[in-house]
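Before anything else, here is the set of structures, which you'll find just below.
Both of the next two complexes hold chain A, though its partner changes from chain B to chain C.
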Partner chain A sequence: MLPFSDVIHLAITGVAQGCAYGLIALGFVLIYKATEVVNFAHGEFMMLGAFAVLALSEALGWGFWPSFLVGCLSIGVVGYIVDAQIMRRIIGESQASIFILTVAFGFIFRALAGMIFGWNARSVEAPFTGKLAIGDLVEINYDRLLIIVATVIFVVAIRLFFRRTRFGVAMRAASQNQLAAYYMGIPVKRLVSMTWALGALIAAAAGALLAPVTQVDTTIGLLGIKALAGAIVGGFGSIYGALLGCILIGVIEPFADYFLPGIKGVSAYVVMLLVLFVRPEGLIPQTYQKKV
Partner chain B sequence: MTAPLLELRNIETYYGPIMAIRGVSLSVDEGEIVAVLGANGAGKTTLLKTATGALDSNKGQVLLDGEEIQCRDPDWVARKGIAHVPEGREVFPFLSVADNLAMGAYNRHDRDAVAKDMETVYAYFPALRALRDKMAAYLSGGQQQMLAIGRGFMARPRLLMLDEPSLGLSPVLVQEIFGIITRLNEEQGLTILLVEQNANVALQVSDRGYVMEVGGMVMDGPSDHLIESEDIKEFYLGKKEEGVRGRRRWKKRKTWR
Partner chain C sequence: MQFLFKTAYNDDIRFLAKTGEKVRVAIVVLFLLAAPLFLQDYYLAELGLLLVYAIAGVGLMLLTGHTGQVSFGHAGFLGIGAYAHSVLLAHGLPFIVSIFASAALAGLVGMALGRSASKMHGFYLAIATLAFGILIETLFGEWSSVTGGHMGLAVPSLQVFGMSLTEVWQQYYVDLFFALIVIAGAANLFRSPTGRSFVAVRDSELSARCLGVNVEWVKIQAFGISAAITGLAGALLAHHLTYLAPDVFGVLESLKLLLMIVVGGLGTILGAILGAIVISLLPVGISFLKGVLPAGIGQTAGLEPLLFGLIIVLVIIFEPAGLYGRWMKIRFFFETFPYYRKSSFVRQKTYLKTDRMR
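The block that comes next holds the complex of A and B.
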């Protein structure tokens, strides 16, 4: 049997990993709610974010935080351009074409990253080293703690943004009823691109924060698929549901790997299948049907 | 003669290969209430959507104050001063009533004036004041219609377009809402283009009316003339006309066909 301290340790590691999934899932959900597009290249935004930070700190010799800031912002700009120049033209086409297009973007981004940064795994120096210990039982590495803290900050910031600012409320309005938003003079197209930028920025932040914990190579974007599984588990229509689902998956994963090494790596999808069987709308669905 | 506020000139709009609007012209002067009547599928909603840019016309012009505004994005048209209150209310379901109203004023930056207009809306629709923090999804149909009209007013538009405000409402509510529409026109000087199936109530509040059928205009004139016209009476108001021989007109034919 696993000693109790190890259980706690695995759980904390799992929460940190789940938060990283959650940050990526935030972008999935934001973009899905704004445009009903599931962006299968979203994990690649995260990968690009990790590489951007790596490149800035290596090539320019910047510290972690300036690279983090500039790296995330520039990936946000990439997200904006992807929507404004390409996705906008294909909206209204069949879901299958849009799906294939986003998958293709994933391949293109991976190939570009490989050509620019090389195909070998690289490591990023952590902004903090050491660990935080509370008593004998709880201990957590600072770099993992940072992911949890960053997730809390992002979620609170996003909540305030969507509740309190005119721009944020307009983004919600446009996602709830696009035509009515147009009729009210809300620049829907620009807001949708801004949503893509925001989603890409948050995913890039997840990548940059994960970079010191894991290594960076062109395939880390595949984590996005696990984030997608987490979002489906939690309920795709809601930010909090997606976050909860991701943390759940993050926590289940290390335990499943420990107890059932046979399904190592696929436990996330097993959980997703189970949830889809039992509660196909996810754990926290968006409960509203349009009134006639 | 000054140019009309809104003018549609020979508009033709297609849904794919189907011609939904066949060369329609219409004008609205400042300060008027103009009604467009017609049965289901006559093209009334299509006409409004074409005027505000939700659909592109294949031919013809839409002029606001003499400036061509056809085939632009609807948010651009809205910023030019047309507020479109769509058919079926279309409020933002997960936003509060107050946020819904605030979205109507999205392009206005004078906070004081917006706050004042918010009070004006609550004064016209007292029911909304009590519900200001409630999500719009939980409002009744009548309250949602009031919210949609209030949201349109919040833009302080040059022209308010109402698409079937009576849809799905009880007769009492219809009377109430049309009473408020009249007051908005008289007290706030709001120009209104109204699309309705309920010809009776629409002709009572409007100054002029147009009648559409299968994508074209078939009649137009002052509302008090239209309400007296035989065809309107029989086909839209459902009033029975006793003929000289004590029978109803047996050929169900409209004089314009």
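The block that comes next holds the complex of A and C.
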């Protein structure tokens, strides 16, 4: 059996990891609610964010925070362009085509990142070092703590954005009924692209914050699939549900790896499949079937 | 311009309606039958592999193209077929029994997945099948007492009715035999109520249900048939690989299968075959590009996935109907020769189809 202190430690790292998944899932959910497109390349936005911060701080010698800001904004611009130039053209195509298109984007981003930044894992210097200790049991590295804090900040900011700003309310309207929103004079196309930019920006932030904890290479985009699994466990419909599911996945993962080494690395998918078998529409259904 | 005059009820369900089609299919079949006479062993083996991928493509096409259920985990069925076939052969079962047993096993697993998938839709289904593919790959790696784990598993040599088929042309004919059966079978399926109900479910679940189609059962059937055909392809693929490793049947392979049917053209059997041709020619094209491009770009490691992604993106944006759509346009151009106008195929404006209210 695990000693109790290890249990606590695993749980805390799990929560931090889950928050990172949650930040990525936030982008998934935003884009899904706006356009009903699930962006399988979202993990790649995160990877690009990590690389952008790395490149800015290495090449220009900027500190962590300026490169964090500029890096995330530039990935947001990439997200905007992806929607405005490409995703917009294939609205109404079959879902299979759209899924495959976003997966293909993942390939392109990964290949380009590998070509530009190299295929080897790189490490990023953390903005804070050391750890926070509360009593004997609880201790957490500052860089992990930062992820948790950032998640809280982002969630609060997004809530305020959607509740209080004109822009956010317009986005909610467009996601509920595009046609009606259009008739009300809301620039739906631009808002959808802005949603993509926002989603990409948050994913890039997750990548940049995760970069000091794990190393950066082209495969970290695969975390995006785990974030998707977490979002499904919690329910794709709401930001909080998705976040909760991601934290759940993040906490389960280290324990599953410890107790069931046979499914190391894939426990997130097992949990998700179990949930889907019981509740095929996710824990909180988003679709309503018409009765015949 | 050729007009189709229907003079009998059977005209509606004929495999090949026009004389031109009959001639073209006959030429292709004759070419395939005669290929060992004039092709070298290397090209013959490649052609055999192409046929195996065409079988797998038809399998996935039935599910994704015709029934509208996306599967990101079809390499799992390919793997189940390949591993089951090798293990059964190693236990001394004859080839014919083993290949059908492994196809049936893949089909049963497919039906089990389809049972739960029949309630999901859209991206839930895509993610569930993706997770299924990842888990199957992990299973192949971890269950080492049966599959040999990451060490791999040697595939027993090909023996049919006690005859040892070791020559390339003999193996080619085995592939060709199954490919022709599967393609004819799939074409036949879409003349039957079962196949038509597949298409009905793809186009509108609501309308299909109104017309008395049992949507859940149709999805289970589609998963089962598709998985069985893919499993059959996997069993044949095992003989081409001669050595099985879990990572061969990973997510990348599933995506390759999807690439195949998307590039070929969703919803057509011909599309699966065209896609298989593209997949087989892709490595040749990439190695050609590597020679042409300047060394700095040509030698980087990411060129292959980059092209892979670019091809999918360009095809989906500019020719959503795939190569099959292009072929239709070319054919239409010649059939209506002086009257072809660009506006014949202008795409309609499309709108967001909501999935939240089915």
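The definition used in the following text is that the second predicted complex is superposed on the first by the 281 of 292 C-alpha atoms of A that agree within 3 Å, B and C clash if a C-alpha of one lies under 4 Å from a C-alpha of the other, contacts with A are read in each partner's own complex, and residues count from 1 in each chain.
In this text, a contact is a pair of C-beta atoms (placed from the backbone, for glycine too) under 8 Å apart; a residue touches a chain by one contact, two chains touch by 3 or more.
Predicted model, so just to flag it, every value in this text is computed and none were measured.
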Identify whether chain B and chain C fit side by side or clash on chain A in the overlaid structures.
fit
Once the shared chain is lined up, is A:Met184 touching chain B (first), chain C (second), both, or neither of them?
first
Quick one: classify A:Phe277 as touching chain B (first), chain C (second), both or neither.
second
Chain A residues touched - chain C or chain B, whichever exceeds:
C
For A:Tyr269, is the partner it touches chain B (first), chain C (second), both, or none of the two (neither)?
second
First (chain B), second (chain C), both or neither: which does A:Ser94 touch?
second
Is A:Ala242 touching the first partner chain B, the second partner chain C, both, or neither of them?
neither
Partner chain in contact with A:Ala104 - chain B first, chain C second, else both or neither:
second
Could you look at A:Val251 and tell me whether it touches chain B, chain C, both or neither (first, second, both, neither)?
neither
Vertex chain A, Cα centroids of chain B and chain C as endpoints: angle rounded to a multiple of 10 degrees is 80
Once superposed, chain B sits from chain C at a minimum Cα distance (Å) of 7
Contact residues of chain A, present in both the chain B and the chain C interface
288, 290, 292
Residues on chain A engaged by chain B in the complex (per definition of touch)
166, 169-170, 172-173, 176-177, 179-189, 288, 290-292
Where on chain C is chain A touching in the complex?
64, 68, 70, 72, 116, 119-124, 126-128, 130-132, 134-135, 138, 142, 206, 209-210, 255, 258-259, 262, 266, 300-306, 308-310, 312-313, 316-317, 320, 350-358
List of chain A residues in touch with chain C within their complex
32, 35-36, 38, 86, 89-97, 99-101, 103-108, 110-112, 114-115, 119, 178, 225, 228-229, 232, 262-263, 265-266, 269-270, 272-273, 276-277, 280-282, 286-290, 292
Under the definition above, what is the set of chain B residues touching chain A in their complex?
52, 54, 73-75, 78-79, 83-86, 88, 90-95, 99-100, 102-104, 106-107, 137, 141, 144, 151, 155, 168
